[in-house]
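Next up: some structures, all given as structure tokens.
Next come two complexes, and both contain chain A; in the first it sits with chain B, in the second with chain C.
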Partner chain A sequence: MAETLLEVSGLSRYFTVGKRKTLKAVDEVSMTMRRGETLGLVGESGCGKSTLGRTIIGLYEPTAGTVRFDGATVTAGRHRELALRMQMIFQDPYTSLNPRMKVSDILAEGIDNHRLARSTADRSQRIVDLLESVGLSQEHANRYPHEFSGGQRQRICIARALSVRPDFIIADEPISSLDVSIQAQVVNLLQDLQREMGLTYLFIAHDMSMVRCISDRIGVMYLGSLAELASSEDLFAKPLHPYTRALLSAIPIPDPKEERGRRRIMLKGAVRSPIDMPPGCKFASRCECRKDICLADAPRLREVEPGHFCACHDV
Partner chain B sequence: MVITQNSDQRNIPLELFAPESADSLEMERISRVHQSAIYDGWIRLRKNKGALVCLAVLIILTLFAIIAPIVSPYAYYQTDYMAKLNSPSSAHLFGTDIFGRDQWTRVWYGTRISLLIGLCAAAINIFIGVIYGAVSALLGGKVDAVMQRIIEVLVGIPSLILVILFMMALPPGIWTIILALSITGWVQMARLVRAQILRMKNMEFVLAARLLGTGTWTMIRRHLIPNTVGVIIIQVMFAIPSAIFTEAFLSFIGIGLSEPQASLGVLINNGYSVLRGSPYMLIYPAVTIVLIMVCFSIVGDGLRDAFDPRMKG
Partner chain C sequence: MAENNAAVLSVENMSVSIKTDSGIVRAVRGVSFSLNQGETLAIVGESGSGKTMTCKGVIGLLPPGGTIDGGTVKLNGLDVTHAHENTLRHIRGSTISMIFQDPLTSLNPTTPIGRQIEEMMLLHRPDMNKQARKARVLEMLDLVGISNPHERVKQYPHQFSGGMRQRVMIAIALTLSPKMLIADEPTTALDVTIQAQILELMKDIQRKTNTAIIIITHNLGVVASVADHVAVMYGGRIIEEGNSDDIFYRRKHPYTQGLLDSAPKINRAERRLFSIPGSPPDLVNPPEGCPFAARCGSRMKVCGAYQPPPIRFNGEHSAACWLYDGRAVRKEAGSNG
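The block that comes next holds the complex of A and B.
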């Protein structure tokens, strides 16, 4: 089970905004993922989670760095080959389904592109199987997306991603636009499917408690870089990076006694603009334990303890 | 009343309470009635009585324009100097003009020509505009930049001047008018189509299709075109009356069609010159053109409301 499936090294993606200004949406991210694990990626809005996901899957050309999947380098734009290996589930189930296509055609798109079905009967059987695997039924096949609720649409998106039998799925905030009651159902569905099909997930979210329950490991992003990467237990038991500590202190605890007793770390100062960033640690402007070196030199992600990575001069 | 209800509720035996099943399928079973997107739009258009009435008026006008000149005992160019400027009568329903031509036949013949000009100009606008806008949006980069500058230059020159120059350079006739109207008419369509495709190019369903390995042509055919048709139809509904109006304007100032051809603009021009003695010469063609313009606009508005997914209630 320790086999490496995905290897991201020094991956950067910059955008040019305005006149010759560079926005470092993703800045030298390195990490590896084992087959079958779930890596949760958290960070506040705009820190580059979606951009990282889209660069890994080849929707964006990386500015620097490489992505290796199962030993082979991923080339951006080569989706015909990549399709059978990795897929993505998007945040907004309302814009991720073509309103003019029936559910059956949406689910059959990948099957048709790669000629996976041996016959018309096999094709429709696959569609029915896909619908049932995400908890929908055969009678939904001939309907259009606007007839479904948000949760049902997200199930269709999941079925579409599964239609080409990928090994790896990037789920970009798949639940954040859903009702709380539906969120749990979709998370359970994703976990069931992972168990059945041995899927590997990169699960992007900004809700810490939801990530904790689904992820084996968690990566914390801040302004385009990984601040900390560790197993779920380690991260929650022993957060090392000041930003992670602040994030964790913001999660409500269901026990009122404990909740009253603990200290909440309020972040001071504003998030820096990711455009034309000065040198030094990106978190320095809001950090409680800032030192002189933090303003001069950007800390690198290093293995502080076995399996626990952190990018901070202070640890 | 309220109090009794409350006490009633308090008296309900506990056994009657059962936990609500959290079965996901049961919870999500409530969904809309099965409807295709087009049918859905039609249902909403049908609720819009104004648009329906206008659609009916347009159909009736078109039928008259096609049939009336054929069944009429007079030809639109047939003069009769014994019956000049007759008032409406049973022989000539709309009266006759200064050459004794039957105004009823000429009004419907003129409507036919005006509609023809509107439809042809709109068809050319779609053809050029859709291809230009789609190519510009799909190729992007430098090509897009150059194509957009060309459009800006065209928009910068007052289109009426271009149209008038064109009309003076070519022999007069229907096709010259249609061509002249098409020089700048497609620009709006090209802009709309480009904007729509650019918007969709980054929509998540298009990204998802790319991730599934869908090729460029399938992408255009299956995802981009079907989602642009609505915009195109609505734009056409506004392009047709605008072409009809420009033609009428050109004919009215005397550089459009020439005698004995008739369009609504020519008829209005003729009617205007005898307005004092024979007001009916102006009224019938004027009412017809107003009906056409208003009805197209209302139907266009109705279609936009019916097919625009953002309006979905």
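The block that comes next holds the complex of A and C.
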């Protein structure tokens, strides 16, 4: 399990907006992922978690830094083998399936493009296997996406990602558009598939409680940078970064007695614009424990305790 | 929720149908509840359970093709079930207001927000002069925690963040001091730290103004943090209702149980989530018996055939489930033995 599958170092992705203004969507992110683990990536909208995912998989060309996958460097025009081994699942199962294609054709697209099937019989067998692996059945193959519910569509998206037998899946908010009871079904399915196929997941979400269930480790992003990265247990048991602490305390708990006795760390204001940021810590404007150094110097992500990384001057 | 004279809203056996291309959707099938001044009722349920249509029926904002085809809605003792649009227009804003999930599409992008708040008074309060209206606008912005109100009134919705826009929506909804506010998923589109701010604001305003609030949500954490009473909807019916503690600690209905179990707990590590198999019923052809029967682990023969009556446990806590009806349980035991 200790084998490194993915290595991200100093990865940045900037966008130019308006006249010579720079939006630093992802700003010098470094992390590694072991084979077979699930890394949860959380943060509020606009923190760059989706952009990070898309840059890792090569949908965006990085502005700086590198992504190494199983020893090979990933670039936007990456070669065939890497395309097979990394797949992505998107948030909205309504817009990520072609409404004019039958489910069987949606699932076969990857198989056909990469010529994975040995024969027509093998092709249809693969489609049946894929449907069954995500809890659908053979008769669903000839239907169109509009005939399915949201949860079923997300299962089709998962089956499509699995069709080329990848090692690594980036799931970008895969359950956010689903109902609570359906979310649980999809999360359990992802966990079953991981166990059966030895998959590695980068699970991007904003729902901390769901992320806790599925992740081995969790990274917290704020305005393009990793604020904290630790094992699931450590992050929830002793969050170090002031932002992580505020984020955790903002989550409402489905237990009225506990809610009544809770003291929240209320963050003032909203996330600032990531365009033309001043130097210093990105969280400084909302931070309870701000010091002078925070405004002058951006803290680096460092290992505070074994396996527990945090980017804060105060820790 | 016990019927009494102070009820701001009382809904009696209301049904709502919507004509669509694929048939008539029986979106709400006989719901009853009431709400007093200063209280918060949370309506919980999954998409398609009828929670939004219940509230739109109450406020008279059903989509085209939608009608209330049974029961009554009383606001402040006044029957508004089939009230004329003119009457409803007068009631909306002054007696009852609604805010929606997406504040960006609910605000007019071409009008400064000060003007949008003032519009409420232009329509409903001809007695107020310009000065009084401007003063009220500033007062409202202050109430919802928007700093620098003198500057902000001149700005347009796109100059506000998501959380700030929802604050503006709340300001508009409460300008005329309505007795009741309906909030339809008010924080679903917001980030958690902003959600915490908005929920805190709603509680704070309720303490100051004694407004009755109905909050529609699927987030059980939000329910636990704001609700006095909870109604759980499924398949167009209220399947369980009670005070917050009844629902969270003494729930009776298997669906409520499943819903609470499938929500991940932030304060407890668990790798495997409970999930309810199957999916909700199609309300074009609603099931004859209990709407949850097809997915229920404790299903009995009677469940598929007859709709269970609400069974009262204590005070206001009731659940519509045959498991708590002695007759059904005896019959099931008899037929098995």
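Basically, the second predicted complex is superposed on the first by the 304 of 315 C-alpha atoms of A that agree within 3 Å, B and C clash if a C-alpha of one lies under 4 Å from a C-alpha of the other, contacts with A are read in each partner's own complex, and residues count from 1 in each chain.
In this text, contacts are C-beta pairs under 8 Å (C-beta built on N, C-alpha and C of every residue); 3 or more make two chains touch, one makes a residue touch a chain.
The structure presented is a predicted model; accordingly, all values stated were derived computationally and were not measured.
Of the two partner chains, chain C is the only one that A:A250 touches; chain B does not reach it. When the shared chain is aligned, no partner comes close enough to touch A:D216: not chain B, not chain C.
With both structures placed on the common chain, the touch criterion links A:D92 to chain B but leaves chain C unconnected.
When the shared chain is aligned, chain B and chain C each come close enough to touch A:Q185. In the superposed model, A:Y144 lies in contact with chain B only, and not with chain C. After overlaying the two complexes on the shared chain, residue contacts for A:G110 are found with chain B alone; chain C is out of touch. When the two complexes are overlaid on their common chain A, residue A:A83 makes contact with chain B while staying clear of chain C. In the superposition on chain A, contact of A:M101 is made with chain B only, not with chain C.
When the two structures are aligned on the shared chain, A:I57 is found in touch with chain B, with no touch to chain C. Residue overlap on chain A between its contacts with chain B in one complex and with chain C in the other: 149, 151-152, 181-182, 185. By the touch criterion stated above, chain B contacts chain A in their complex at residues 24-25, 27-28, 31-37, 40, 203-205, 207-215, 218, 222-223, 226-227, 309, 312. Within the complex, the chain A residues that touch chain B are 54, 57, 59, 79-80, 82-83, 86-88, 90-92, 95-101, 109-110, 113-114, 135, 137, 142-144, 146-149, 151-152, 157, 160-161, 163-164, 181-182, 185. Those residues of chain C whose C-beta lies close enough to touch chain A in the complex are 46-47, 161-164, 191-197, 199-200, 218-225, 227, 244-245, 248, 258-260, 262-267, 269-277, 279.
Per the touch definition, chain A reaches chain C in the complex via residues 44-45, 149-152, 179-185, 187-188, 191, 206, 208-210, 212-213, 232-233, 236, 246-259, 264, 266-267, 270-271.
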